[in-house]
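Next come two complexes, and both contain chain A; in the first it sits with chain B, in the second with chain C.
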Partner chain A sequence: MGKILDIKNLKIEGYSNEKWVEIVHGIDLTLDKGEVLGLIGESGAGKSTIGLASMAYTRQGCRIASGSIVFDGMELFGASKETFRKIRGSRIAYVAQSAAASFNPAHRLIKQYAEAPVQHGLMDFAEAEQKAIDIYRRLLLPDPEKIGYRYPHQVSGGQLQRAMVAMAMSCQPDIIVFDEPTTALDVTTQIEVLAAIKHITEQFDMAAIYITHDLAVVAQLADRIMVLRYGNLVEEGEARTLLDNPKEAYTKDLLSVRTFRKPTDQNDHNQNIILKVQDVSASYTGKEMVLEDINLKIRRGKTVALVGESGSGKSTLARVITGLLPPLQGQIIFEGKELPPDLKSRNREHLRQMQMIYQMPDTAVNPRQKIRKIIGRPLSFYFGMDRKKRENRIIELLEMTELPEKYIERYPGELSGGEKQRICIARALAANPNLIICDEVTSALDQLVAEEILKLLQRLQNELGVSYLFITHDLATVKAISDEIVVMLQGRIVEQGEKQEILTPPHHEYTDLLLSSVPEMNPDWLDNLLAERQAAQSL
Partner chain B sequence: MAFFKLLRQSPLSARIGMAMILINIAAAIFAPVIAPYGETEVVGDVWLSASKDHLLGTDHIGRDMLTRLIYGARNTIAIAFVTTMLSFLIGSISGFFAATIGGWTDLTLSRVIDILMAFPTLIFALMVLSVTGTSITALIFVIAVLDSTRVYRLSRAVAMDIEVMEFCEAARLRGERTWWLMRHEILPNAMPPLVAEFGLRFCFVFLFIAALSFLGLGIQPPTADWGGMVRENAGAITFGIFTALWPAGAIAFLTVGVNLIVDWFLHIASGLKD
Partner chain C sequence: MVAKRLALGLLTLIIISLLIFLGVELLPGDVAEAILGQSALPETVAAFRKELKLDLPAHIRYFSWLGDLAKGEFGNSLANGRPIADLIGWRFSNTLFLATVAALIAVPVAIILGILAALYRNSLFDRLISMATLSTISFPEFFVAYILIALLSVQIIIFPSISNINEQMSLFEKIHAIFLPCLTLTLVVVAHMMRQTRAAIINIMASPFIEMARLKGLNRTRIIVLHAFPNALSPVINVVAINLAYLVVGVVVVEVVFVYPGLGQLLVDSVSKRDIPVVQASGLIFATVYIGLNLLADVLSIISNPRLRNPK
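What follows is the complex of A and B.
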């Protein structure tokens, strides 16, 4: 097979602190016709930067310093604007992570689809419309004849992402660059998009670069995988060989991520219930119910995982428990006593015992407060500690969360995402709570970092006996950390029970769908799953 | 200590700004010492041009221009500064309050502010001042209250954005009172736009006082203020005498100085490195 793209010794620089700093250090990349190349790495690995560089494009504040980018025999590095205009969009297309942010909300999907081919003079609008319907069908979109005439807000996230893939396909490009196209989607939606992408790349025998941080996802699609870290190539190889037999330690780490399991407790049958949610229903408007008939219990020193996809009402439940949203009916019983429904009527002791950790560590800490103040405030607020005691306790808490003592003088901006999340944990612990509500605490973090956070949370639970209500959409996290699992769908609990019970078949229908949708490292997983589902449907 | 360290790192533009303001403040404080004549003393003929006795000439009734300029710094800077401070105090506290409490409090406060803003500021000030009389205290209060409506709008909008952040929710869940939320969570994050606005408002206040003086309700003669001095001597321009440019220049001088420092503050506050 001939090479369609050949990148040699690519160096990319980013502008920061008044100088150009090299962020991609001489990467070689080749792509054959019809081949799917997976680029994998954590944030800051330079995978998106390299992906964009394959069409000789860089984001604002970056520049390609040296190297050569040969596309189909043409050198793109230093090529004229005219060349770029001809190639970008028509011969190399790009699919961004957030389709919702990338579509123009004011135009119908099909108009945006047709823009590139019409502009490039490949076809007229009527022709493009016909093509679009064909591609929508191939991408397994529902109602392909009509869906194009909707506006972006009228279709779901997964459909929008597929509409964006269709848009990239509009000129029948030689290469499509997929930049984390499924990262923002729920697992069950992710399957649809993955299936669509796989389907279409095979049908058109198109070359693609697939960028992701999730090895299991890339395993389903890629023929070849490149593992990147800090702008360097760590390892490269055929997908199957690399997954079966990784050479580098970093690749092994990535592969073994999510294998952390909570040690199952043997003799500890603590029946002491710390939080009980009884018949809770809640609504934002007073009319449409967001939560209906929620009943759940959390035992002391245990972790209950609350699982569900976006819109299932799991964060709303957290708001009800914390008192931010008083329920329409039902009670929250904490330590045997009913809590007042709204935050204002709860006393300081109630508030102290229940703490919260958030999804985005960046917005969960005040960027203008030093770590000393962030962690120190609960200490003086709840316990009235004086300066000296407080100082000692803050250092203790930093140690517990495995952070160096010197961070006490820093602002959150000087810390990494994982470290900020540790600060949030330390802040929660400062109150000596009995229950910590963790709202998607690992979703915004890189996998290796997330794993460390999970381990830390588990260690703290063992040491302090604190209970967790762990809200997540990620079933791998659930498997890792939970004692009990509650599955939510559209504001209702569909299944709940001990971890073993839920994770071993027979499942509730929806639990089964959720569980089977989590990508596995096995490259045949997607094909098998789709075949299975199809078989089940035709029965 | 930290302050001195900050000063040492200040860029040239900020140092120039500081020097400009220091000159003004020094003039204001030591006015009686450095001014060659008395504030209201008539020392010569009308609109004399610059000479050895009168470095900047004389004004429309023969008072020494330099002396008036120096005394004018006193009144103008002090009044403008106090007024701006007051308007920011009122505006930002009520703005933050409305944003943090929300609901009916926000609605009521915002509508009251809307009503105040519905009147043209100058006419409203004229109306109130003609009732209260034109004492300096009344002047300061009226302008501060009128100006605070703009500050309210800005600080409410800024605080609304900050208030929905998770760290504010975390503080609420901790049980913090409204005042703490305003002072420790919102204010530090709202500083950059407020500081920028301060620089602008400070300058507008002079101009407003000048406009009021022009209509006879500002700082009353014979007290010297720059805005009033521009107005008093504006007529001279038609005779080719540029005396009025001196107080106008002084206003520009101070405004530029203030804004140079404000720029520097903004730079530090926004955390930009370059």
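What follows is the complex of A and C.
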């Protein structure tokens, strides 16, 4: 098969601190016709930048410094804007991470679908409309005849992502660049989109560049994988070979599965219960229930993982427990005593015992305060410590969270994402809490960084005996850290119990769906799963 | 949502009517004294007050004034005794005519210039437009007006410096007569609208859906006009409404300079004659136009949002 794309010695520069800095250091990339290439790496690896560069496009503040990008015999580096315009959309198409942001909110889906083929002069609107309906049908979108006439905000996230795949298909391009197309989706929705992408690339024999940070996802689709780090190539190889037999240490790290939690002692049952949520129902509007009949217990020094998809009410439950949203019914019992439902009527001691760590460390700390002030604030607020004592305690907390002492003088902006999350952990610990609510604390972090954070949380629990309520949609995290698991669906608890118990079959139907939807490294996983589900349906 | 805005608009209008009424109440002396003059006998003044019903308590007079207004009765002018409705009616339509013609020129020009400036961002053209519109907005209207008169009516005699219009004139003659005040108003209001359009579009240009449009290989004009502009409508509508309201309300100075028979001219005359009922009525009409246009802008920007227009 012939090469459709041949990139040689590609160097890309980014503009920062008033000078151009090289961020992609001479990458070679080739793509055969009909081949799916996986680009994998953590944030900052340059994978999106390279993906966009294959369309000779760079984001604001970036530029292609040198190299050659040959698409179907045409040199794109240094070509005219008119050449780019003719190729983009018609011969190379792009699928972005967030369909919600990448569809124009002002136009109907089908109009946006038809725009590229009509503007490139390939067909008229009526023909494009017919094709759109055909592709919507192939992508198994519900009501394919009508769904195109909706506005982007009128369809669900997974459907919108598939509509964007359809839009990329509209000119039957030679290459589609998929840029993390399933990262923002729940596991069960991710399956639909992955299946759609696999189906469509095979059916039309299209070449694709699939960009992701999740090896298990890329394993399902790619023929060949390139592992990138800091703008350099780490390793490249046939998908199966690379997954079975990674050569570089970094690839091995990415492949390693997280398990560092020993199974819980079954004798722990009598350990005292620190938090009890009793018959709680809650609502934002007073009409629609967001939570119904929630009962759960958290034991001292243990971790309860709260699992569910977006919209299942996990974060709302955290808001009820902390008093941000007083429940309509039910009680929150902490250390045997009922807490006032409303945050305002809780006293300082109530507040101190429960702390939160959030998903986005960037927005959870004030960027204009030094670390000293961020961690020092709870120390003076809860314990009235003077300057000297505070200083010692802050240094102690930094040590506990494995951060150097000198960070006390720094601003959050000078820290990496993982370090900022450690600051948030230190701030929560500063209050000496008995319970920490961790709301998706690792979701915004790269895989390896997230693992370090989980290890840290585990160590702190062993040392301090603090309990965690761990809210997450990531089942790998759950397996790694939890003692008990609570599964939520549409505001109700569908299953709860010890980790072993929940993770061993037979499962509740929904738990089974969640567990089976987590991609595995095995490249045949998706095909097998889809076949299984189809078989189950036809029974 | 729309109903709420309408109710709020009505409430604002009532508060303004109260303020206008109170403002006049706070003036030293009253209408009776103003008409009869300082040398009048106290008995005469008292009798006249009774005739004008000025001896009644303030809140009763306020509500009867408001009630009359609601029925469309503005009362009579103190200066010449004619019904205020007759005085205001044709002048107000003249003011609206001037404002409408100015708006029909200014709004499309401002939006097109704004789009062009966003399209050729940071180019010489963009800078020239910014500089030109900023300069015209920096001068007071009367100054711009006199410069235009000096150039287009004295140096080269193309347009009249006195914009007198009457019923007998054809539309073309009328437009020819009001060309200079129109141009003055246009020069004054274009800058705001143009800069807001440019800023709103440039802001939208950073959105992921614009990147997507670029990666679909669309040309730049199409991206700006079809993808960016519809999403920038809301801020643009708001600034357009404020400027339209300014056109109607802010013409006072321009009307006086060009001796144009509009409501602004009447307002200035009535203030100098202490014809308080006319001042009150004109003030309320201006307030209604201002609130009405802002209300319209609110409603239009709600409608321009597809999420609100097409619920799930």
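Following the convention adopted for this analysis, the second predicted complex is superposed on the first by the 526 of 539 C-alpha atoms of A that agree within 3 Å, B and C clash if a C-alpha of one lies under 4 Å from a C-alpha of the other, contacts with A are read in each partner's own complex, and residues count from 1 in each chain.
FYI, a contact is a pair of C-beta atoms (placed from the backbone, for glycine too) under 8 Å apart; a residue touches a chain by one contact, two chains touch by 3 or more.
No experiment lies behind these values; they were computed from the predicted model shown.
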If you stack the two complexes on chain A, which partner ends up touching A:105: first (chain B), second (chain C), both, or neither? second
Check the residue A:369 against both partner chains and state whether it touches chain B (first), chain C (second), both, or neither. first
After the superposition on A, what does A:322 contact: first (chain B), second (chain C), both or neither? first
Which superposed partner A:113 touches (first chain B, second chain C, both, neither): neither
Touch test for A:90: chain B only (first), chain C only (second), both, or neither? second
With the two complexes superposed on chain A, say which partner A:407 touches: chain B (first), chain C (second), both, or neither. neither
Return first, second, both or neither, reflecting whether A:153 touches chain B, chain C, both chains, or no partner chain. second
Within the complex, which stretch of chain A touches chain C? 52, 55, 57, 59-60, 84-90, 93-94, 96, 98, 101-107, 115-116, 119-120, 150-151, 153-154
Show which residues of chain B lie in contact with chain A when the two form their complex. 165-167, 169-170, 172-176, 184-185, 188-189, 191, 271, 273-274
Taking the complex as given, what residues does chain A use to touch chain B? 16-18, 322-324, 343, 346-348, 351-352, 355-356, 358, 360, 363-369, 373, 377-378, 381-382, 413, 427, 431
Would you mind writing out the residues of chain C in touch with chain A in their complex? 206-209, 211-219, 222, 226-227, 230-231, 306-307, 310, 312
